[in-house]
Structure formats: C-alpha cells, structure tokens
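What follows is a structure written as structure tokens; I'll ask about it next.
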C-alpha cells in the first residue's frame, strides 16, 4: 500500500468517518464491528463458507440431523408405497413397518445394501434407485466439505496481550510481539499497522499507515517484535498517554503470510486500542541458547519490565 | 499496470479499434461483447469449466439424465446376455426383465449391491464388475465436480447502479460505490478503471487508465466509494455531459481481491456507459453509529442528492 | 525480471552457453530440449504429476490394468485359503473356483457386496476386510486423481504459426499474435520475450530480454498482437534476415496469466526460431463490428499481407 | 525484501541475537534449530498438517490401526446388544461371536454390506446405521487426506553439497549450485541468500542480505549456479577462510518458485555453514551438446577443480 501513505481518510475501504470515542473498529479476533442492514438472505448467504467455517460440533449436528431427516422422508415414501414392495418386512403394525423402512433407507442411502431387506417391485425400486443416487451425491458433497474444512488455512498467529511504548534505540517505539505457535512454517510474512485517530475537536477519524522498523521477513520460525519507531514523522510523535486515550487511538494490525503446510496465503488481523498499550515497559528477552539449539518460552511473551522512555 | 499509463491503444488485450458509438465492450455482468468465429469445438470446449459453471438445475439434470442413460445401456447389456445369468429375475416377458435388469444395474453402479438380484455366470459377472468400476470412477468425478462447484470462489461485489460526476474536494470527481454484501472477508482489494473513448472524427477508440484517489485498500468490510478526481490530467477534464455521450464513453472497472473464505484471488468486472452516469449528484452518507457498532444500510447505496459541480 | 535486462548470459536458469547453431532450446509445445543424466528414478519420479499429466487413454489403461491385477491377486488369495470359506461357490474345478473368487474380489474391492457369495470363516473374513479397506483407499486415491486431472489449469493460448518483422509506427517491429480460443477468462496477462543469439565467432549464446510495446494487459478476451519495437536499443536493430539466420536466433516466449475458471495462475511457453519469422509482412486486421458485437475470425490469425519495411 | 538491505539485526523474524559459535540456525533439510517451550498441545497441534506431512508408512499404520480399533469398538457394541440381533451368527461361544461381529462391523463401516450377516432388530439397526454413516464420513476424510498428501507441492530442489569461494569475472564470488531433478517445471525462481555472522568480540549475530549476480530466472529447466559477487560492498569482502570460520558464518538460502505441475508456489530452504565452503575451487562445466539436445549429468554437480582466487 505504498501509495496510501500520503492518504489520511477512509484508508480501510470503509466510508466511516464519524465514530464515537469508545468505538473499536476491529475486534481482537479480527472481526469488524460493522453491521450491514437490508442485505437479502440470498445476497448475504454463502452455504459453502458457512458449512466450512462452522464449528465441528455444529457441523456434525447438521450432518446427523440431515441424515435422520432424509431417512424419515424416504421411510415415509416406502411406507406410502406399501412395505409389501420390500422383501422380509416382518413388522405387522404401521410403526414397526416404518422403523424397518427407516433402516432400509439408511442401508440404501449409504449404499450399504445388506440386501436382507430389498426392493421387490417397480415403485420401491424407483425410490431406492433415486435414494442411492442421492446418497452418492450427498456423500460427494460431504467429502468436499470435510476436505474444505480440514484444508482451510488460517494464520495461527498469537499477539502479545498489550502493545508497548518503549525506548527504542535513541528514541521511543510502539511495539508488540507476534508468535507462531504452530509447527507450520510461515514464509514471507508482511505486517501492516494502521492507526485510527479521532480528529481534534470533531468525531471524525483519520487513518494513518505507520512506518515500521521492518515490514517483511523471509522466515517466521517463532517470534517477532514489530516496532514502529516514533520519529518526528510519526503521527504519535510527542503525544502523551493521556492524549492517546483522548484521541481514542486504535492500532489496526494486518499480517499476510504464506503458510507452507497449506501452500496458501493466509491473513491475520487484530488491533490494540489505547487502553491496551503499556507505557514505559519493555518486553523481556526470551531466546535461550543451549548448545546447538535456541529455546523460546512462549508462555512469557507478555512479560515486560520497566524502562524509562527517552 | 504501471507501464500502461502512457499507452492509449489496445489497452485491454483486444485488437479492436473500430467500434460503433452504441457499442458496449463489457456487459454489466462482466462478460464481453466479443464473439470468436471458427474456433473448433475441441479448442473452445472446457468440460470441467462447463460442468463447474453451469447452474445447479442444469447440473442435476445432466446427472440424472446420465444416470438414466447408463442404467439403460447396462440393462440392455444384461438382457442381451440373458437374464437367466442373474439370480431371482421374476419377470417373464422382455419388458419386465428389462426393468428388473435396469434396477439391478442401478444397484450395481451405485455399489449398493443388495444382492437380491446378483450375477450368476461369467458374462453377467464381467458386465457387473465393469459397471461397478465405472460407477466408482463416475462417482469420483461427481465428487470432484461437487467440490469444484462449491469451492469455486467469486467476487460477490455489488456495484452502484450509476456512476456519478460529483463535486470532490476543490474539483469534481467521477465516482461509483462498491459493496461487499457477503460475510466473506475481502483483503487487499485493488481497483482499475479504464476509460474507452471514441477518437474525435473517427470510429477508432482510445483506452485510458484512470488515476484513482485510492486504488488499493487493505480490508474491505462493507463499502467503498471509488473516486477518479477530474484533475487537468484526466482525459475527461473539461468535457461536458453532451461530449461524454457523443464520445460513447465506457468506464471499464476491474476489481481484484483476495477472498479469505476461499483462500483465493477473485476478480470482478463491470462497466458504466455514458448513459449510466448522473451529473451533479452525490451519494448520501450511509454509516450510522450506534454505541459500539457502525451500521450501514446497503439498500441505500444508490441514493443520491443534488450537488452543484464546481 | 527487471534486474535481468542488463544481464546477457544464462538468463534462463540453465548453465548452457555452448550450443550449436541448429539447436532449439524450447520446443513449440513449451518443453525443453534438455536431457538430465544420472538422476535416480526416485529423484526423478513424481507419481502424482505423472498420473495427473498422462493422457486419459493411458490413465484409464492404468486404472483397468490395476483393477484386473488386484482382483487376480485377491482371487489367488481366496483360492489359496480355500473357496470352501466362501458361500455359494459352485465351481467344481480350480479354474471355475478362481473365476468365482475373482468376481467375489471385484464385488469386495468396489464395496459392492451383493452377498450372493460371502466370506464364511476367519481366513476369508480377514482377506475380505482387508480388501474392502484397500478398495476404499484406492478409490479415495482415484477420486483425488480424477479431480486433480480435471481441475488442472492450463493456459490454452494459441500462437500464430510465424512471427513477423513488420513496419510498426515509424520503425519496424518484431511481432506475433496470441489468441485465447477458450471461454475461460484470462486476467492480468503478462508476456516475456527472451532472445537467444549466438555470439559472433563463437558457439556461445547470449540471452536478451526484449522490450515490448506492452508487456501486460488487464483482460485478454480474444486476441493480442505482441510487439517488440526494433528501436536502436534492440539487440536486433539493423540486423538483416540473413544475419538473424546465421546467429541462430530463438525468440523464447513466456506468458503468465490468471485463469478465472480455475482460479489459478497459468503459464504458457513457446518459441520462434529464425526460420519461423516472415520479413516484410503484416497481420491482417481481424475484428469485425456488427451492431452491438465485435466478431473475430480466429481461423485467420496467421493471415498476413506484404508491407514494406521502413 | 528490498527494504531489509540496510538492516542488520533480526532479519529472519526471530529475536535471536546471542547464539554460540557452533550453532546452526537452519538445518540442511530446511528445518530450524529452534524449540518452542510452553506451547499448549492445542495451540501447537495441526491434525491436517500432521496427517498430510507424515511418512506414508506412518500414515498407513494410523489408518490400519484406526480401522482395527473402530471395528473392535463396534464389535463390542454388537456383542453387548446381543448377537441374536444379527442374522446368521453361527458362533456359539463369546469369542466366536465377537469375531463374527468384528467382520460384520468391517462390512458395515466400509458400506460393503454382503448381507450374509445383517441387523435384525432395532438395537442392531441403530448401531449399524450409525456405523455406516461414520464409515462414510471417515472415508470422506481419508479421501481428502489422500488427495492432500498427493497434491502437496514441494520444491524438490537439490543443492550442491558445498558452496565455493571461486574466481568470478575479475573478482571472487561465493557460489553454489541448485538442480531441479524432477520433470516438474519450475517457473519464476527467486533466490534469497542471507548471511549470518557473529559480531566481533560478542556472541551477537548480524544478518546480511547478499547481493546476487541474478536473483530471479524465468524458467529453471535443469541447473543454476547462484553467485554472490564479492565486491567491496559485500560483508565478506577481504575476509579470509580463517576469519569466516571464526565468525561462524552461515549462508541461509531460500528459494521461491512456482511449480507448474502443482500450480502452486513452493519454497525450498537450506544453509551452508563456514565448514561447508571450499575455497579456491570452481564447479566443472556440465552441459554437453549433442546435435539437437543439451545433456546435463546431474551426478557431477558437486565436481570441482582448483582455481586460484584473485
């Protein structure tokens, strides 16, 4: 976004200017605090996306519920046709026959086909042939969804709970830590930090792209402290903790990387509001060297110590 | 397309210069008004593309029709061989036997295999073993197609029905709105606007890449008003509504984005002809703030109000 | 490859300098005339790539042959165990029993399982349970391969049979035509042309990246004439047809594009040797306008007319 | 990583500065010598990644073990319910019945369903219907995993066993060879070489991005000798073999390419420590021309000859 450095407004593709002081545009989990009204169900919905994104528990609930429903529908069809069209139906009352038809349907839709019960005449044969085709297609769908769910890449980056304003070289810097807890290799990791600030005396907001000490790394094996040096070109140069709070600052972070495990580009988003910044603290130094290996204790990524600002 | 800014001709990879005034190169839905002649069927066809792109209704029609055809073919084979090679065929006339063979075929190709009817002798066994292999392969294909259809990404971007020539800062601007109605997150959205203008006194057309206020945004959660500021460098600087109509202007829009749901790059195309531009109107301001959330009413993206041009 | 313009040698990632005059590095179909010796089978082989790239006929031959082989192996196992472990084996001699075991195997590996023949005792049950698991896994593999084959993207770009040296604006230009015969939409098409020339008085070869009139287009709906203007900066400025032949010139073309149908980046490669260049001819103008549509007759992309060089 | 050239520290996204002399950050196989402590199992684990990355032997062991376990679980369920709920159970003692239930389970989970044994009453029907659904889902999973494993791209690039400091043009150069032994076509290959050097008198390390003769090639059909010319701007200009050893130099190589077979971007990583560098040797010239073909003997990529340094 090289050309955007000179721009101040609407930097994030949202025509939002007037937002209140306490407002957080981006939540910690990377979702936006924006609600779209009057979008038709058809426009909004994305079945594949929903089925791939929902939790496993919900996904299996949908599957099991669908399986039961389909079998009830087909069991009803078989009983409507008459269970005399099926071999070996032993039930003598309607309920028993329905139950047997239900399990015959289950054996058909899964293409299990024990054959202990089998269709005898034309009507039952038509329904069974239809059901088995439907079963194959639904199963084809389920296969695709399972693969889609499993192979869906996600940047599993963890952020330090707070950002810091800490001494950095001769000056100060705004900094936070990111960690890659997975064994997945992240390559060519790029970080963008955009600062949202309330314009003085108004409720309008300006967006500033922050210059970083480094905005891209080739590998990202474990940990990275992202630093915005507060030079005199920085929009927060010379501002105090109180001013930052008053301006309702929000530091919006976007990380782009290539995940080698999934062979896919992945994105991670998060933000730090003015209340999530600690002033005059520094991250402790974590890497420990032991012979031929470097060890990093990821449980300590939030640990800081006091450090006088310059 | 940095290097193309200085270029005027053939900007879109098409050797088309002489096109009539009323011609529209790109339709609203992103398809081109270009017909290729004398392309052999083999060169033109792309079976996967066709099966993945066709409507669901047509796709299922193809599936059902294929299923019926294959079963008719195999039923014919079984009856040709003689249904005495199958167990439990009860039909005594040719039609009844064909019907029973048909359903036996259906049970075989879906690998259902109730076994109520089963192949007895060598000829029937050969056909059945072939059919079940074919069934598995066809089903493998269907699985791939279902997944291909479902996971096919598409940029679901909605465009405002009209573009506007509206006051913009000290000058005027050409602007239109784009909206992301889905919950899918679009990242790193890039917009390119190319203007096609009839060259004065000829039927030739020049293509101009328009400079935009902003051509890329990091996130695209909801809405974006794309603006081409009409500075003195703009090809439409100083032109009137009448001139734009006479020159048969067409503003060709291409949007490129990364869809996080599909982990894929997606493209969206559309165009505005000179008749789809409103002069001296401005889009109403949509975002509404309510405590901790911003609300945008997407049903109003086409709403404008009068605004005197500068 | 901006930084490579100043480079002359080894431009294509191959340490080849001494190549004879008649040598063609890149074939018309995009394969290289390079043979790698002493690469172990294990290093060279890529089973997935082979199975996905081979022709459909060969692929199905492999499938059918594999299906027969596996069934023969398992039929042998069942007969070794003794067909008395299977129900309803009616054959009384070894061959008949083997044939019945063969088809029982086919019914098992496809998970068809009519049940007319079924395993009775422990040994047959173990083999059958193993075979059905193997069947599922092999079928899983086949599904993946079918999908891989079908969804494999390829740039279906067609090249004009000859390149031309033709008048271009005030000077001359080296030009060829490319055509997209498919309905697939190609986006952001980039062309690179590298010229390989024998160094005077030696058998060494220099590689020159040629400057193009335009190296990238946003859309590629139908046809594009790629032009290298022969300015005084061009490596072929002032050379004659005879010199080009003597220098064994080879124009190596690489095209990169994003195929919207497959949502994938695709590459196409080809080359023109000095014998495939026509001097003093121009491509005829193809687009025809008919009301609201442009028509292009792709059967005429090689048609040229005489044009005096400047 | 253009902007990183001026940077010296933390170049690889790792806050590691103090590392001992003998330490190797990147192993020959592209894995890092970094251990992450106190990462919870849930944070660390990536089931899909594990199942797709593990060796085929281990993958099949997991599959077979899982298959046995599931069948034991369901066999236990069927015997708990009572095998009188299944048809044709012939065993008279608990073990025999369990074994028969085990194979009935195998026939159910693979949807084989011979039907010789079949569920008779409600409890067995419920378990069998559940098992067949589970079977389909597990098989859907296995299909996805098989495809994921097979279609997982990897850069199969081979590195020369040693890097060389050899005469290069008027000066010296650091060089190594890379080879593409597969038939896969690698396109747009980019190389990055980062040098890690111990800072004098400390245990801290500086990272330097090395300027290369060429950092990108369009095609990579066979072999490429990557060269870092040791100009006076190079961090190793004027250093001796002894100094390089003392500084514990590590040359970290990253290669990025587009694999046309997999239509995917692939990465390859490796490194050369100071002990893996030969001074004053040159790679022998390999390409051999035979009529219309160039032959390269890849078994000789490590062969060198003495060459006096300049």
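As written, the chains take the letters A, B, C and D, and residue 1 is the first residue of each chain.
Definition applied: a residue touches a chain if its C-beta (ideal position, glycine included) is under 8 Å from a C-beta of that chain, and two chains touch if they have at least 3 such contacts.
Quick caveat: nothing in here was measured; it's all calculated off a predicted structure.
Between A-B and A-C, more contacting C-beta pairs join the chains of A-B. Shared numbers divided by all numbers used gives the overlap of an interface; between subunit B and subunit C this overlap falls below half, so the copies present different residues. The rotation relating subunit C to subunit D, fitted on Cα atoms, comes to 90°, given as a multiple of 5. Between the Cα centres of subunit A and subunit B there is a gap of 25 Å.
Between the Cα centres of subunit A and subunit C there is a gap of 36 Å.
With touch defined as above, residues shared between interfaces to two or more other chains in subunit C number as follows: 111-115, 139, 143, 145, 147, 262. On the side of subunit A, the complex with subunit D involves touching residues 63-64, 67, 71, 99, 103, 106-107, 110-116, 139, 142-143, 145-147, 150-151, 156, 158, 181-185, 187-189, 213-225, 258, 260-263, 285-287, 289, 291-300.
Residue ranges of subunit D in contact with subunit B, taken from their complex: 111, 113-115, 143. Within the complex formed with subunit A, the subunit D residues making contact are 1, 3-4, 7, 10-20, 22-25, 32-39, 43-49, 52-53, 87, 108, 111-115, 118-120, 122, 125, 128-129, 132-133, 135-137, 139-141, 143-145, 147-148, 152-153, 192, 194, 254, 256, 262, 264-267, 269.
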